[in-house]
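Labels run A, B, C, D and E following the written order; every chain starts at residue 1.
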């Protein structure tokens, strides 16, 4: 499928050697959204969360101390930038690397907390992310093997073979694992219990945007219509 | 090399496994030399003892921990 | 040509056999034995790299696998030290 | 005829066996993970799944495939590092023990640690600097690790730790500048090449050194 | 038949998720055996037959791609040659030490091409340099996470 039918007219390209970033209105919108959200996070402060204590009437305050706040803000900014980059990249392998970066940063954002349950969820999510990096890279490699190119512009013009369907299935599986959407959502739901809401929100936003972008890329590769 | 790999799989004791592992690596270095890439063989030859040493340290430490634990449990039972 | 094929199929045998051994081999309940068993498919993978002449990747892999092994063993020892029930 | 127009037929014939070997290996690893109750074993088994990924990438057999193996390898290394650390911190929280109480006095006197350490480390670091780039970084880092492990256990002050981490951050910036030179001023490509190569070398090697410090505190606490 | 709510409840346990994911992925890998697959031989960046260059006793094997250092570019089949003005120059470049090594011995081609210059450096730093940025960023993030956790929890440095 032609790139222009999905995203609109191509507004411009940023050629960096073989990796060409391109901008269409659709991608530009998501790119700007991710960037704006990242700036909001960079200047905002975390909230204090109040947990009800079981068996008594007291509440327990869960605070984020300064050191923890700094590192989590740093990781959240990186996550936002990676999301923004994944929106406009025009190269398949580049996209998979962006997704892997988002996966590892997501683990990092929640790794600093002290609740055992959350750490457990982060560890399980990490395992899924590690397993998922296998179909992610293998899918990209299979598409390279089947077509001899990784550029989305070239891929949008080739004939689709069964091998490419299989490769995109793998790719989809990898993206699902790295971003943790349904039905593998439980690990992330547990992770949302950590204090410090703006940083948790970026995890959510990044996985949403990545899924949209992944569907666009899969449509470009597979040309179902 | 194949003997080494079978040995690593079959032998249950970690220390025996390390010896077989060294054999496996020796076979691998031989193959690299047969392919005439001497620099790769050199790097492999330097890294192999490092891997072996790390394995040995881990195994010795694990053994000590386990022995100590068993002693503690033994005192508990008496 | 015939010798590259020998390396290639030896590599595949080591890779598949080694991963089976890591999964269900004798004594793999002990994590350190499992870690030692992962070295076999690693050597198999190195042989496949060698067949394709990916020598720079091979060089990097040899160095990186030592580091990965060390990280894994650190976890194993630490877990044993704490007596963690997993 | 240095570089052929097409991929040689021999390489094409190797593609299917390698691919199937990768799929089988991945399948075995995944099945083993799914039957695994033990979290630590699952972590070790993901290593196998990572190997399957590398085989599939390598099976394409072009120079590009080789260039793609290196990111895959690095991602694997990075994720194992981060996740193992999380596993340890989780277990420490669960058991409620703290680190300084735990360490187990341990001394292992090995001949190779006292006599050969400097020699091997120097060889590896010099060779790594000659290689440059990721490969060199990993090799020099391996040398540093070995050197660090074989020394006496002494805690690294946190200031120095952060200093070394800062150096690697600066090296990353050097590499970025090198990359930009390639596109902003293509005529200075040689400068860009050297900045990239040594920036990455510094960055990877310094990080590996710090991993070595972590491991030393594990193995040689007295 | 199991209640569907029961299944959702099972899914909510984080410990089950990696197992479930690996089962699903394993099934998909099985599908791979029934899909016809073949390597397309029109690849970018092709390489010669394995062992060909080393058998010709080429001191630069297996990465000899032609070119004269600083003068003539090597052979690179890139995706977008128009985007890289100095394509092939990095491939052809050899550092002075590398030239020395090349004249001494025949078996050190890998080291020569891993030192600054060479095809892999060209791909990693120039034509696909953006990949390497991300790759090193991933390593850096993982290290930041690991060292932060280590300093604060597992090694307990900050409290001392």
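Keep in mind that, in the parts below, a contact is a pair of C-beta atoms (placed from the backbone, for glycine too) under 8 Å apart; a residue touches a chain by one contact, two chains touch by 3 or more.
Remember, it's a predicted structure, so these values are computed and weren't measured experimentally.
Novice: Please name the chain that ends up farthest from chain A once chain centres are defined by their CA atoms averaged.
Specialist: Most remote chain from chain A, centroid-wise, comes out as B.
Novice: Mind naming the chain pair that shares the most C-beta pairs in contact?
Specialist: That would be the chain pair D-E.
Novice: Averaging over Cα atoms per chain, report the distance between chain C and chain D in Å.
Specialist: 15
Novice: Hey, how far is the Cα centre of chain B from the one of chain E, in Å?
Specialist: 28
Novice: Measuring centre to centre with CA averages, how many angstrom lie between chain A and chain D?
Specialist: The mean C-alpha positions of chain A and chain D differ by 23 Å.
Novice: In whole angstrom, what separates the CA-based centres of chain A and chain E?
Specialist: 21
Novice: Pull out every residue in chain D that's touching 2 or more other chains.
Specialist: 10-11, 15, 19, 26, 30-31, 33, 39, 42-43, 52, 59-61, 64-66, 68, 70-71, 74-82, 84-89, 92-94, 104, 127, 131, 134-135, 139, 142, 145, 182, 214, 219
Novice: Taking each residue of chain E in turn, which ones touch at least two of the other chains?
Specialist: Chain E, residues with two or more chain partners: 18, 20, 22, 25, 32, 37-39, 41-44, 47, 50-51, 84, 109-111, 114, 120, 126, 128-131, 134-135, 137-138, 141-142, 144-145, 149, 154, 158.
Novice: Do you know which chain B residues sit against two or more other chains?
Specialist: Residues 35, 37, 39-40, 43, 47, 50, 54, 58, 61, 65.
Novice: Can you name every chain pair that touches?
Specialist: Between chains, contact exists in these pairs: A-D, A-E, B-C, B-D, B-E, C-D, C-E, D-E.
Novice: Help me check something: in the complex, which residues belonging to chain D touch chain E?
Specialist: Listed in rising order, the residues of chain D that touch chain E are 1-12, 15-16, 19-20, 23, 26-27, 30-31, 33-36, 42, 59-64, 66-68, 70-71, 74-75, 77-79, 81-82, 84-86, 88-89, 92-93, 98-100, 127, 130-136, 155, 158, 161, 165, 168-169, 172, 175-176, 178-179, 182, 186-187, 189-190, 192-194, 196-197, 200, 203-204, 207, 210, 214, 217.
Novice: Quick check: in the complex, which residue numbers of chain D touch chain A?
Specialist: My answer: residues 15, 19, 22, 26, 30, 33, 39, 42-43, 46, 49-50, 52-53, 56-57, 59-60, 64-65, 68, 71-72, 75-76, 78-80, 82-83, 85-87, 89-90, 93-94, 182-183.
Novice: Hey, which residues of chain C end up touching chain B in the complex?
Specialist: For chain C paired with chain B, touching residues are 3, 7, 10, 14, 17-18, 21, 25-27, 30, 32-33, 36-37, 39-40, 43, 46-47, 50, 55, 58-59, 62-63, 65-66, 69-70, 73, 76-77, 80-81, 83.
Novice: Please name which positions on chain D make contact with chain B in the complex.
Specialist: 104, 106, 108, 110, 112-113, 120, 123-124, 127, 139, 142, 145-146, 149, 219
Novice: For chain D, which residues are in contact with chain C within the complex?
Specialist: 10-11, 14, 17-18, 21, 24-25, 28-29, 31-32, 37-41, 43-45, 47-48, 51-52, 54-55, 58-59, 61, 65-66, 69-70, 73-74, 76-77, 80-81, 84, 87-88, 91-92, 94-95, 97, 102-104, 131, 134-135, 138-139, 141-142, 145, 208, 211, 214-215, 218-219
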